[in-house]
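Scrolling down, you'll hit the structures one after another.
Heads up, the next two complexes both have subunit A, just with different partners, subunit B and then subunit C.
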Partner chain A sequence: MESIRKLIYYSILITIFQYVYCDDFKEEIFLKPLPPTHLYGYFQFVTLVDSETSSFHSHLAPRSLTEVISRFQVEELHLTLTEGQWRHHQWGYPVLDAAPGAELYAWFSPDVADVDTQWKKLTSTLSGLFCASLNFIDNFNTVTPQMALWPMGAVKSGQNVTSQLRYASLPREIVCTENLTPWKKLLPCESSRGFSSLLNSRMIHNTNYHSIGVHVRKICKSNDCSETQLEIKQTVALVYDYDIINSNDWSFRKLFGQGLPGACPLSSESKIYIDITSNDTHAYTLTPPPDNIIVSQRGGSDTRLAVYNIKADGQMINIGAKHNSKPDLPVSIPPPLHFNRYILGYGKEFGGIVTELTNNCWTSINVVVLENAPWWLPLQLSSLRVNGQAESSLVLSQYYSPGRSRQKPYHLELLIKLPPRSTTTVTIDFEFVFLKWQEYPPDANHGFYVGSALISANLPTARNYTSLPIAGTTFDSVVNASKQWYPIVFRTNGAMVSLPTPDFSMPYNVICLACTVVALAFGPLHNICTKELVLKPLGTPVSLTQKLFNLFKKKRD
Partner chain B sequence: MAKQERKGETEESNRMWASASFVGVLIIIGLPLWWKTTEVYRVSLPFDKISSFDTLPHAITTELSVLANDDATATEIIGLIEHAFKDSDVIKLKISKSIISKQLQSTLEFVADEAEAVEEVGVTFDLTQHNSFYVVQRKPLFQDTWLAGDRVLFFRDAKAATTVVETLKRVVYQTAVLEGAKSETADVARQTRFPPGAGYHIVLSVVHPNPEALDVELDAGEAVEDYIGSFVDELSVLHNFTLKSQWLHLLDFDFQAKEVKDTSEWGRHFSVRTERLHLLLTRLEERAATHVSELPTLNLALYAVRCQAAPLIIYDLNDKKVSSPVQAFMSPKWGGVVLGSPSAGDCRHERAIWRPNVRLIMGTFISQLRKLLGITDAEHITGAHLEPLRSVTPRQWEIDNLLRIRTLEQLTSAERTLQSLAQLLGEISNIVINDDVGASINSAVDSIQRASELMQKGDLVEAYKMSQSAFLAAETAFMEPSLLALLYFPDDQKYAIYIPLFLPIMFPVVLSLKNLLLWFRGKPIHKEKTD
Partner chain C sequence: MGVILKYVVAGLVRYYLIHLDYWQTIANRVEIATPLNSWKRLMEGVYLYEHNINPYEGDSFHESPIMLLTFYYIMKKVPFILPILFTLLDLLTAYLLYKTSQAFIRIFKESQKNNISEVAEESKSMLLNDDQLKGAAEYVLSVYLFNPYSVLNCAGMTTTVVQNLLVATALWGASSGQRIVACVFIALATHQALYPVLLIVPIAILLADVNKGCTKCSYIRTLLVFVLSWGFLIYLSAYIMDGSYNYVYNTYGFILTVPDLKPNIGLFWYFFTEMFEHFRLLFVCAFQINALALYIVPLTLRFKREPVLLATVLIALSTIFRSYPCVGDVGFYLALLPMWKHLFSFMQQKFIVGCTFIITSALGPTVWHLWIYSGSANANFFFGVTLSFATAQIFLITDLLFAYIKREFTLKHGSSRQVDGKPAKLVLR
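Presenting the complex of A and B:
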């Protein structure tokens, strides 16, 4: 009874709080050991705001971001800055996948007529906001995915969402502290209190994979969806290597350099979830013991989650795991769908991209593969082969938009039905292109990055699946969230090609040489054409200059 | 022998033609071609107009009506006013004289309250017109002159004439500030107010360093819309304003305050030195995200002092308390900060709750905004009465004067920008002027001339708009990055490439010119060396 009264009291308090400010902030950490050698850490900071009031007057939401969203009429925005490559076949699936480098996609409001201009303005503004080179996103590296991406948020039914979507990735972008600092400034607690104080740039850049992201979408406030809320989700994904932290036993102090100094005082919920399913095979004990353990059955796989409720009392907490025995030899079970991508060919004339998709499931899976090649890598649709066949029955639908030199990238989308327990290979050839000398990036011999392909799939099973359900905001929505399909968008690994690269000092050498040769050749030529050789008889009267010349000559003698 | 000579002559003419063709290719065709291809692109600019800006008249014509009970008083007052404004090169008064009708005269003497008297004047005369002002005689007045928010100045009789002139000069027209707006060096008012612009964003940041121990009950958005909104609505003729608010949590600043015992409810207060305060602005800048807006941002910050450090009181450089109900300070061209301390009663609760006095705080912000937007506080003149401001709205004649200040400021700023651009173009030959820049320079020049004409005519609002477009066009032209497109290629490097190529080629060609000229004139080239 007492607890119920307390609950009512708190819920009234929370509703009053929300009534005054209309916004809510939650922070969560999800930790999952990836046996045998890795640990996945995922932070999410969720701010919910009423869509109507958010743009000019903000309380917990970052004004800089809400203002950008409202100024450019963005409906949904996903920005990730990633260093490293997620290994799907080894680590399973992340909560949110991200392409290496910078990746940005956004849906604009249907009122926006000129999406391209708005997109350019948005990228430039975000580039300033996050200190990333997003301003290099232009029409020549932007595509409009037709099938691969769908809005995560609430959209008015019957609305043409595809035409308002723009997607771009910058695989060359290097992510570092200068991106993390502005990202932290968007949080209401910044980095002084709460879970974000763990994000110490010295430690989190010392990982195998790290990715920071900002995801803004509109979600329904109530079941009938007459009102929407703006959800601003800031995420950090980290993959630690036990070799780097020098032990299999991890703790917050080892991972982040310090303990957790309590929750953010502004958050309405601060929880840490630790996936302890792997405890059966790699036994370890958690210290301090979790507040409670949830068993979740989702899509045929059982997950056990240890939950810690963190209070904002400023007490240092150091959660850690201690392994009880030496680890056994690992048996790696690959996830239901995994893939690989590589570049074919030799020489500097032709090449090809191969994408291998492996379906380990007992049933066929429909996937959309989006190949996005820059204009200097012309994909030839005629060379498209699926499992070596030009006309494959596996391809259910196909979209191809040829690129244009310096204006538009090549964009190919395939809807493929992957047969059960099989590997499907998609091959497409390309030609190498000569660039103008100013178009080469600095250090051109380093090679040219080709962005990741997007693979959008509806998985029939939730094995290795950690993503939140589409309507979910926090991690508790994962529990027992069985659905018919588990939608996910993967990014394959990026690739590198080396384009024919000239010797850049050559033009300068040529100019210098040509000038010298011209200058040397011109003198005699001019002399021959315009001068006459005249015999000078002896004893002629000497001119004044000759006299002077002779005088010098004598003196020298 | 003759045959040999003739052969020599034909050879000679062949050589000369060869030499002439070298000259033809290299000097007559080559040089102009080289000149043309390496020329820096520049649109032709109205340099003569730009250099003649100094001779443009810069005085603003403004209407002044003197209403007196009898002709003699009116003439005397007008005479004095005309004399005082005779030498002014910023303001040109167009004074009209009229005698108050008997009916109005009796009403004015009958009504007790000055505000009512203003209303009565408003019935007969249009007080809402920009750039007009009425000097009205009203016998039952305790002071020499009386001035309120409307465009009316009451005076008692002819003896008050000097006070009228002083009030007009120093309060209503503020000729010193107007002079300052067009002078080369910035005066105090110009150092404080924001540079002119088409619009401003006003951001109220509520800084809350201690959310776990103190609740601040304040709807920042509503406060901004209510108070600041109704203030800036009055200034909508000048600029567009966008109002915003945000909360900055957990932004803690170490004031290095010293505890001082006193007799208040707290039994203490904390003293913070003024020289420490500007460091707070740096901390605010880190989080306030002022750079996101596309227009200049006026920052207003309310710092909620934590209970342990309350009340916080600012001490000046001489270690004296700054006596003010609100602890606030202003940073010129940046914004204002109010330090709000919860009371002892607020902090005594188990969960401390601070309900800020919104009226008082917003009033402070508005008085800071007035200065930041260019309204200067009037100085006191003996014998003259100035009604204190009762609401957030600025006085009518203050808006008129602000229009005048901004018009002059924008006009002189645009002129100086164009003049320095013209000077730069003369000094640095590498600057490119493309068609866009040329168009905005031309439009700026046109707008300056139009604005000057409109100022002559006394059409203040239009003149302001024109001067603003001149200012904006001049700024865009001056700040255009395409101006610098070729600047990275300095002249000495150019010559490092040209000299090795041109010197060995041009030398023999130029030297051959002498022989060529002699030959063309039919003179012998070689002195006959035969005996």
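Presenting the complex of A and C:
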């Protein structure tokens, strides 16, 4: 009787709990072998919060983050900290692409009038929250993309979203443990339980590519979208090299240094998805066997996903793959759209940036290319050439905002129609800038990082496409999600230029020498203007002792 | 006949250089093109204007809106005319300088005749006769036409070609007594590059001398016409930019605050690269005062009887000390010097200055290549060269002025250097 009463008591309590806090937490891992030599691991931790509940009372959602969102009236926010370069040509497409270094973009609520001030405050706060150098984001490296970026979340129709958007990237930012630790603290289970316990920095910083991210957006609660929910998605993307783990057979123990100690008890769903499509060509067996296998047909490509449901029973799980035979020679089929970016020219006077876009599809693809050059790399719009032509019919639309030294970056956006099965090159020239000596970073001859260009495209096919559909929150939304278009935003590789440097060791010498030359003019001109010529008789030369004597004599007088 | 041949040869050389494969290299040289006058920047500005982007929003264009509109229409209607246009403008500058020096000779002869009573008896032989004076104008013409600095400047199609034409027209207008022409053109030049504002002083004196009558009334009239036309040009530019005066920050503001530290032949670039940030404003002010205001009053008081010499010296000094000088400016004032060829015998540093000009002109491109392209030298090398080039120019100007006062003294007191029979030397007191 006592136990039944207790049960009722608890169930009432839980119901009230659930009613008051409508938070929901889900964790997922998506693993995809990238034959022949790499493995892609993607973690996502999704927390859904009712927008209406105050940010000061949170249950599963990180209060530090929700407070930032509500205080600065942020509608949508994307922050990624990335080390390494995703090789689209070789690896296909990631679930979420990220620029090397730090990248941040956010849409502010339409109520915010002074977006720039709010943006500055937001970046400073996030800088503290993630121990990243986001406080270096200022007007001189912020742009407002006109065509390349669109909100992923729910937006009121007829709202001008572009003016409320700010985008900045810090390509020089180095991502390390100090960023991962505060990131893990935002999770309900932190790093003690659940999937996040796999993320130990010793192992994940030992990868070819790692990227941690926080993505906040508003999603519809119901079909009519009368109410919205806040979706906080924390992601980690890792690319392991089989050479680093010393074998083609991977397992959690090899990848993360330990097995999975069950799900996070606070999560409502903990699933691991493994893309086993490549099993046809590189046969391997998964141990333990998956709970079920889903076949998904999406945009003309079939994907097979092995699914594991993980329970919070504290049992150690070590999922691994063992290859049955020696792998055959790989045939890599390039993705429908891939690109490359590089710097032209020699010397430190004039140069050019080339962005090469290759369309492998049988249809033409419209892409938006956003070139975002820092102020010390002044672009010359008159030198813009698409496939070597100044006036190209491939450019459907163009936006250019010229930069200003120390104030504003150069920002060029092009809407280009890529013809089927072709490579298009976009070239633009720049001039090297000579900075003041205190503006050079330490180790000035290391070179300066130029941020990635953004490429925003609507792909006609879902080949190599792993992203979630725009309305989806978890990976089960991928299954059979055929659409007409598959929107995606890519980041090209960054580039580096070496600016001419002054001699840092001689400011005093230069100041003295230049002033001396000015004085060389001033002295004679002063003489000419103030004195007159006279004839002076030439006397006998005076000896040094006589001079000294005269000096004393004068004093005595 | 000979004169026409000179024009034809000089024109062909310029026209040929513009059509050379190396034209791009010439047009991009740091010595020839500065952020202020380079052809590339002008084209960028015109391109932006054509695409409805305000060129003054960014940092790539620093010419005046009047130039922008002019070149916009030229580029739109007759772009093929540009090489021939630049050549003709430069030849016209040479012709105007020739006319100016002829007028100057006329003025010089007159003043020599008026002041003959002050000349000592034994120095009468030093007075210049017609034959000696006649050659000066020819030299001015030849120097402007064949000076490599002017030739390269024109071949690089910099806007300094236009600047030189405006200043030359103003000088010609002043020396022939045409107040409106002189004032309007000096206002145009000032509107383009600010530093020619100095020239209003010698022009006012020259106009008063040439148009005899009430001197003060003449000064006031000149100043009034100048201020009115300058104001009108500023207004006209704003009218072109749809009533916005923001272009001022990108033209005058750019010249005065020196934000672009790309090397040139001047003194500013490395000085402000290496400047401590909290002293920057102080030194920017000091250097700009040095270039704009410091020498004008003393030199005017000292040389008010020689307005053409005053103009030459002010053009030279503002070239040496301006924030973005180029060889085109140097070529322009070098062309004015042959008017003073009777002073050359009193100059002491001709040889040093000549050698330094030649050596720095050869060393500059060399060390630039070593620094920027082969990475085996550093900025100090190029700085050293620009520093000695500036020093040579300063020596040239101060030497010219010393020569003038020495000749003045000799005319007055005779050429003997003796006091009471004892040997003596000339000193400043």
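Observations
Note that in this section the second predicted complex is superposed on the first by the 488 of 557 C-alpha atoms of A that agree within 3 Å, B and C clash if a C-alpha of one lies under 4 Å from a C-alpha of the other, contacts with A are read in each partner's own complex, and residues count from 1 in each chain.
Convention: contacts are C-beta pairs under 8 Å (C-beta built on N, C-alpha and C of every residue); 3 or more make two chains touch, one makes a residue touch a chain.
The structure displayed is predicted, hence computed values, not measured ones.
Looking at the shared chain after the overlay, A:Pro62 reaches subunit B, while subunit C stays out of its contact range.
In the superposition on chain A, contact of A:Arg193 is made with subunit B only, not with subunit C. Contacts of A:Leu513 after superposition: subunit C is touched, whereas subunit B is not reached.
By the touch criterion defined above, A:Lys185 lies against subunit B but remains apart from subunit C after alignment on the C-alpha atoms of chain A. Contact comparison for subunit A: of subunit B and subunit C, C touches the greater number of residues. Shared-chain residue A:Ile317: touches no atom of subunit B or subunit C. Once chain A of one complex is fitted onto chain A of the other, the partner contacts of A:Leu266 are limited to subunit B, with no touch recorded for subunit C.
In the superposition on chain A, A:Gly128 makes contact with subunit B only, while subunit C stays out of contact range.
Looking at the shared chain after the overlay, A:Ile470 reaches neither subunit B nor subunit C.
When both complexes are aligned on chain A by C-alpha atoms, subunit A residues 511, 518, 520, 522, 526-527, 529-532, 534, 536-537 touch subunit B in the first and subunit C in the second. If you check the complex, the residues on subunit A that touch subunit B are 20, 53, 56-60, 62-64, 67-68, 125, 128-129, 185, 188-190, 192-193, 265-266, 312, 511, 515-516, 518-520, 522-523, 526-527, 529-532, 534, 536-537, 540. By the touch criterion stated above, subunit C contacts subunit A in their complex at residues 28, 40, 43-44, 46-48, 51, 53, 55, 57-60, 259-263, 267, 269-277, 287, 290, 294-295, 298-299, 301-302, 317, 320-321, 371-373, 375, 378-380, 383, 387, 390-391, 394-395, 397-398, 401-402, 405-406, 409, 413, 417-420, 422-429. The touching residues of subunit A, when paired with subunit C in their complex, are 346-350, 375, 378, 380-382, 398, 400-406, 408, 410, 433-438, 500-503, 506-507, 510-511, 513-514, 517-518, 520-522, 524-538. Residues 11-12, 15-16, 18-19, 22, 203, 211-212, 217, 219-221, 224, 242-247, 249-252, 286-287, 289, 291-293, 497, 500-501, 503-505, 508-509, 512, 526, 529-530 of subunit B are the ones touching subunit A in the complex.
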